[in-house]
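Each in structure tokens, the structures are laid out below.
Each of the next two complexes has chain A plus one more chain, namely chain B in the first and chain C in the second.
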Partner chain A sequence: MKENSLWKDAFRRLVTDKFALGSLLIVLTYAIVALLAASGLIAADWAKEVGGSNLPPSTEHWFGTDIFGRDVLAKLIRGTQIAMSVGLVTSLIAIPIGVILGALAGYFGGWVDDVITWLYTTFSSIPNIMLLISITMILGKGIFAVYIALGATSWVTLCRLIRGEVMKHKEREYVQAAEAIGGGHFRKLFIHILPNVTHIVIINTSLQFQFAIKSEVILSYLGLGVQGEPSWGTMIDDAKLELSRGVWWQLAGATLAMFVVVLAFNLLGDALRDSLDPKLKGK
Partner chain B sequence: MTSPLLSVKNLVVEFQTGEGITRAVNNISFDIPAGKTIGIVGESGSGKSVTSLAVMGLLQRPAARIPQGEVFFNGQDLLKFDESQMREIRGNQISMIFQEPMTSLNPVFKVADQIAETIRIHKSVSKKEAWDRAVDLMNQVGIPNPAQSAHKYPHEMSGGQKQRVMIAMAIACEPKLLIADEPTTALDVTIQKQVLDLLHKLQQQYQMSMMFITHDLGVIGDIADDVVVMYRSNVVEKNNADEIFTTAKHPYTKGLLACRPKLGANPRRLLTVSDFMDENGVEKHISAERVVVFDKEQEKEKSSDILLEVKNLVTHFPIKGGLFGRTVDHFRAVNDVSFTLKKGKTLGLVGESGCGKTTLGRSILRLVEPGSGSISYGGKDITHIYAEELRLLRRKMQIIFQDPYSSLNPRMTISEILTEPLNIHGVGNSRAERLSMAKELFEKVGLKASQLNRYPHEFSGGQRQRISIARALMLRPEFVVCDESVSALDVSIQAQVLNLLLDLQEEFHLTYIFISHDLSVVNFIADEVGVMNGGKIIEMDKANNIYKNPKEAYTRALLSAIPKGITKANLSALL
Partner chain C sequence: MKPLVLLVSALLLVFGCSKENKFDEREINLISPEKIAGFDPINASDRYSGNETGKVYEGLFEFHPLKRPYELMPNLAESMPTVSEDGLTYTVKLRRGVLFHDSPAFKDGIGRELKADDVIYSLKRLADPKLNAKGWWLLDERLVGLNEWRAKHALLDVTNYDEVIEGLQKVDDYSIQMKLKKPFPQFLYALAMPYTFIVAKEAVEHFGKQFLNYPVGTGAFILPKFEQTSTITYVRNPKFREKFYPTEGEEGDDKLGLLADAGKKIPLVDKINVHIIVESQPKWLSFMKAKEDLLEVKDVNIQQTITPEKELKTEHKEKGVRLIMKPMLDVTYFAFNHEEPIFKNRKLRQAMNMAFDRAGFNRLFHENTGFEAHGPVPPGLGGNRKEFKNPFIRYDLDQAKRLLVEAGYPGGKGLPTIVVQTRSDTVARQQVEFFEKSMEKIGINIDVGTNTWPELVNKVTKKQHQMYTMAWGADYPDAENFLGLLYCPNQSPGSNGANYCNPDFDALYKTATVLQDSPERTAMYEKLNESVALDAPWVLGFHRTDIYLAQAWLKNFKHMEFNHSQFQYLNVDLEVKKQLSKKF
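The block that comes next holds the complex of A and B.
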């Protein structure tokens, strides 16, 4: 006799999908690289001069060296650490805000809903990149400002999705049943409804993650992001001047690193939606 | 002798699932002669719908496959047709009506456009001609003001009207064969009767053949010429309708006939299929005491204590309108209702959807806030008590919902669902004690304790309803509202659940309010019956009196809508 929760079923469906499994492995690889870099085990000496200026890719330096003779691969690894940390920290900021506001708005309705809806429509009416730039302007340049700027702008989509889903679920009979056995608002909302909408959080996070990574690259490219450390955005910015001299490897490395992880997150997001969203299931 | 219109020979349908191959239809054969109606009867999962999908060529590939069998339609084997040939047949020569009228219509198109679309796919007619034909069809299926109604969108129509539109779509191209898959299961009994009459009339008018699929043998008596009974993927009995209703041979058929409560006298507990045969389909001898007719009137009054007293209760919902969504008026869902209910008794509330019976049940439990009037429970006025007091009261008053699919939280295991009420109210000293209480009740409702760690989606509809009942009884309440608790179940399962509710009532001395649209069910289970219409109780009396001497015309209409379980021919012979 097997006892299957919906989560286990979903996980089984996910790993039988080859694209999803591949994407998951890529994402995990990036995460491990980022962790190793953060703990100083790899690419700690990225700033060291390892050879001549602008050496093309070789077996010794897979992505060549930059203008100061630094290893591009080491810089890419540091960039991975920055990118993944931006994705993670912005998610940690955006998810609680989005989930809690969305759940409260959807569950209580009335003036609570009015206030929260007003808040997120106001946020989403300002062009995203303008808001990002103005927040980094206020907080000053640097990675911290990027975290705050992205975290403060990316909860809106999640909030809207959660609100709609909670509104749908609160009318279900199992929620009324919870009320009939004497459960209060807290129990109905957090014990009964929220576990039934968490799939949205997971799907949204995987798409959110790649959006944050792209945004960090754009901000850094514009000179508003990380300072004094290599990021994929600053590497692309550096490389644009070198390209005319035939130095393509720094640009290629940064673009490739970003392309692979963004694609993996997108595919993973789609696969998660297929396996977790009950609406798309056969029955 | 002419050859039949549709002839299914030795059909086998198999499904590839995660656990291997399941045989959904096992070597079945039957014929549908031209101009006749064949009823296919069986419980959910017996393979009756799969059979109809196989005929229509609508089985999900590649999960389903047909390793054996032939389906002859007008002498041609449909199973050998390719997709484009099948499209020619579907909607044109064979058409289908589905169970759920709420979801079978596209919400963004006008209803007449949807009927016209079917016509234009198969016939080269202009848009205008198709529209006119659609309006004509809507007139034929009895939709009032067809010319105006044609412009309506599905959400502007009632469930019965939507089903009529579905029927209009199905007959638009004057098909030779109409497949009706549980067309009345989602409808109230009164609407069911109208739809059955309509189908019968159209079948005669167009000289169609009809394949009528249902779980309720009683429904088929009104409409079918021949009946095919399916049980666990097999055909167990085939005969003409008269023979089936008078001299059924297979124990399963006998069980199906017996399990629907009769309006008059019933045994103390309804007979179920399991009274007629054992697990392996071997016929059993029915003990004499099971069939003794039981008269509720004879039973002595056990107590005269009044448990619940409702006085002039009104519950209204605001109607929002205007630019800023202000409340412009109130809709009185429950309008001035009064009654008393004695301990250990059952009050049945019966009426069509929208009559306010569900709102009344929920107002009594304070799941919906009542507007005015008073509710007193055990002598105490509970109309306005506050949250904490109400929470304590919830231990004594419980509700069992209609839909066994949405009333259980899909992310919780059964043991979590059952122990939750105990946790909330701090009953039991330890987790182990609470679990053993859950286990005890879980077994009492007829399920195996080894299944406690499973999730709701692993159970069938009838089992889920038993779980809902167990949850409602975990706190040992005195009073339970059963809100259409058996309406979503097959008749054979319905009988089991009704018996269970009666057993539990006896054991735990429960008081019930039993809400249903089906007067025969209410009549069986309730001591007293209140007939509701337009938010009011229009007639209230002892259960037996209601069907013997109905006073209101509305009550008589409800009574006449109940499927009699005998064929038209026999019925007219009796009169």
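The block that comes next holds the complex of A and C.
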């Protein structure tokens, strides 16, 4: 019998799950849209007036126009680029911090563990949104501050998970075997243990992404996020007042865009856990 | 299933019993769109604290509720003061028999009579360095000896209120003499502002730090204790002196029913409820459910209120709702920071004025109810000449581009990106975004800087901005209050946040502002207003319109810019309320 590798197996299980596959496709679509927008191929002229103020959705402008007569769809696309870039960059910041600190704490234990545990308990005891607000206050407003603020606050969960997992693994036979043939700390930790906990990182990334997207929207809604660029948060903020005039399309568009991508990431995260966690194998 | 049924019925109990409108109580329901920080008159710096403070406290003078143009009348003072020939000495006679509200601060808890000492004490409190009063600017450098008294006590541990000041002396228990350092024709207006409302020394000392929560005034209404709740309830002052509804007003007031209560003793109602509602939509809904008697309509709700022809919409007319629209004494502007080298360039400032699409702005943000400002002084004040047309507020992109070339920045080349600081709320941000789009058309790049209100004030005070947006409302009906925004000695941290300095303007300003109201002074004000407008110290915005909706049963409401004393005259027609409430 042909034995599949863990990854092949996981992938097979993922694609047979319709929800997971759908979510994956949605996420990929968002990613492609974001890339196209970033390269300036689409929605480059979002700031251009294309019609009257607050026009309802039509065949020409699917999501209508905003108060300045700008196409809401173009703003949504531009917002997608911002949202996805925030998700990506914060993940790139948070994951290395979480993984390295978690692995060190779990592997070495002792005072290293104490220090790192103290660090992340302190971080997690501060209400997230407060920390975000104070960081944006210090760094000034703008997308860069959002990256840093979200990256610096969202590594805690991953760190905790990796620490626990590494603790479990470091006593396993394969690690002992590695030690027996003369493997050092670095080798044991990064060559042997880490690959065996990667699935946690992957699942976490998916959840991390949607957390970052949601937080960016909240920050922008509060006026602390991106400045001078359309973000879903600023669009919802605009819509707050427009709603009483019966202008619902901007709110609907931004909420829908956020809802779909957050839901997709959540479903994908669940599906990834189902397919990657060896303990759930065969279920 | 049972718990669910219970839950549903519990919810019904909670939401089903919402308060019904009452038709037997003579009460008035009003809205305050801002939280009230407290009731200490010396800190009543914004309109909304002033409105609340004015229900409990009173000043020596008050604006006539009906007469326009605005006219002062004696209130706690018995008559208008006698002013010496040189305009420096004011003698004020006090009304007899004015009682403070009953309060545990007084002996036996019974309010005593107001005397000259109380007036002197209240004015000195504004200057007390320990209290750091927000209203100090009003008396700064005005009364003889007051600044010295303030400076001296800044170094001492305890402020000695008994020390006699030359400029503020008691003649007898019912008259006070005030001496000014130099003529200040607006002085009587200052004595009608909430800052100078009269407090009792016993109350200040009895309540100490809590004084701001225990207002003890002489006004028509009583508030025993102020708590940070969503409703403030004032009750009629049973011992209020004999004060009567005015018998004359502006032409036409009679027809509007504003004189129906002429000669009656005020207050005319038993209770005033002030609901604190910050968000615009809940305010609107509450008024539409007849839970409020008066609504100040802002921004987005304007479209729901009036038709494009500026008529009240029929759905409101059917309910008897009245529309009150009056131009405000205010001006909005985008101020340049004149300490930035680029803004020393007049042609650049003029170009930016001409590139600002005011018609579009008015349509989007004011529903066309704003009036384009040709200068800082709003219509309705001496100094604003109807015939004066500022050529630089005309929307003309070609001319703006030409000016920009002459300024040395063809097509905006060579200019840095200019950050315009504003508040972070939605409309404020959108307004600057609109400005950004306007300037883009002549090649000038603008960025929006959003700030909380304290942050913005801080940036302006410390001159850490390139441009910022502001709206200035009149403190009193005198153009000096607007022209002062551009007077060099008033620059940050004063009210001249643009840090504009123009020696010619300053010299004429100095001469004009010490004159009593006269055609000569008006001519000087006009010259000041027009010359400075042509120099384009700001990108001028609008003089806005106040829009109010009043329920049919609310009587005696007339639009008033300085409305803190107006609430004592309001009345309610319960019959009308009963009949109309079926329509809500």
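Everything below uses one rule, namely that the second predicted complex is superposed on the first by the 278 of 283 C-alpha atoms of A that agree within 3 Å, B and C clash if a C-alpha of one lies under 4 Å from a C-alpha of the other, contacts with A are read in each partner's own complex, and residues count from 1 in each chain.
One rule holds for everything that comes next: a residue touches a chain if its C-beta (ideal position, glycine included) is under 8 Å from a C-beta of that chain, and two chains touch if they have at least 3 such contacts.
Predicted model only: the values in this text are computed from it and were never measured.
J.: What does the overlay on chain A give for chain B and chain C, a clash or a fit?
T.: fit
J.: So in the superposed three-chain picture, is A:110 touching just chain B, just chain C, both, or none of them (first/second/both/neither)?
T.: Neither: A:110 stays clear of chain B and chain C.
J.: Per the contact definition in the header, classify A:40: touching chain B only (first), chain C only (second), both, or neither.
T.: Neither chain B nor chain C is touched by A:40.
J.: Which holds for A:68: it touches chain B only (first), chain C only (second), both, or neither?
T.: Once the two structures are laid over each other on A, A:68 reaches chain C alone.
J.: I'd like to know which partner A:52 touches here: chain B for first, chain C for second, both or neither.
T.: The answer is neither, since A:52 touches no partner chain.
J.: For A:127, decide between first (touching chain B), second (touching chain C), both and neither.
T.: Touch partners of A:127: none, neither chain B nor chain C.
J.: In the superposed model, how near does chain B get to chain C, counting Cα atoms only, in Å?
T.: The answer for the closest chain B-chain C C-alpha pair is 27 Å.
J.: Across the two complexes, what residues of chain A are contacted by chain B and by chain C?
T.: Comparing the two interfaces on chain A, one with chain B and one with chain C, no residues are shared.
J.: Across the complex, what residues on chain B touch chain A?
T.: 60, 365, 367, 387, 391-392, 394-395, 398-399, 401-403, 406-413, 420-421, 424-425, 450-451, 453-455, 457-458, 468, 471-472, 474-475
J.: Residues of chain C touching chain A in their complex?
T.: Residues of chain C touching chain A: 280-281, 284, 299-301, 303-304, 363-364, 424-427, 429-430, 433-434, 436-437, 447-450.
J.: Which stretch or stretches of chain A touch chain C in the complex?
T.: 47, 49, 53, 67-68, 141, 222-223, 227-228, 234, 237-238, 240-245
J.: Per the contact definition, I'd like the list of chain A residues that touch chain B in the complex.
T.: Going through chain A, the ones touching chain B are 1, 3-6, 172-174, 176-184, 187, 192, 195-196, 278, 282.
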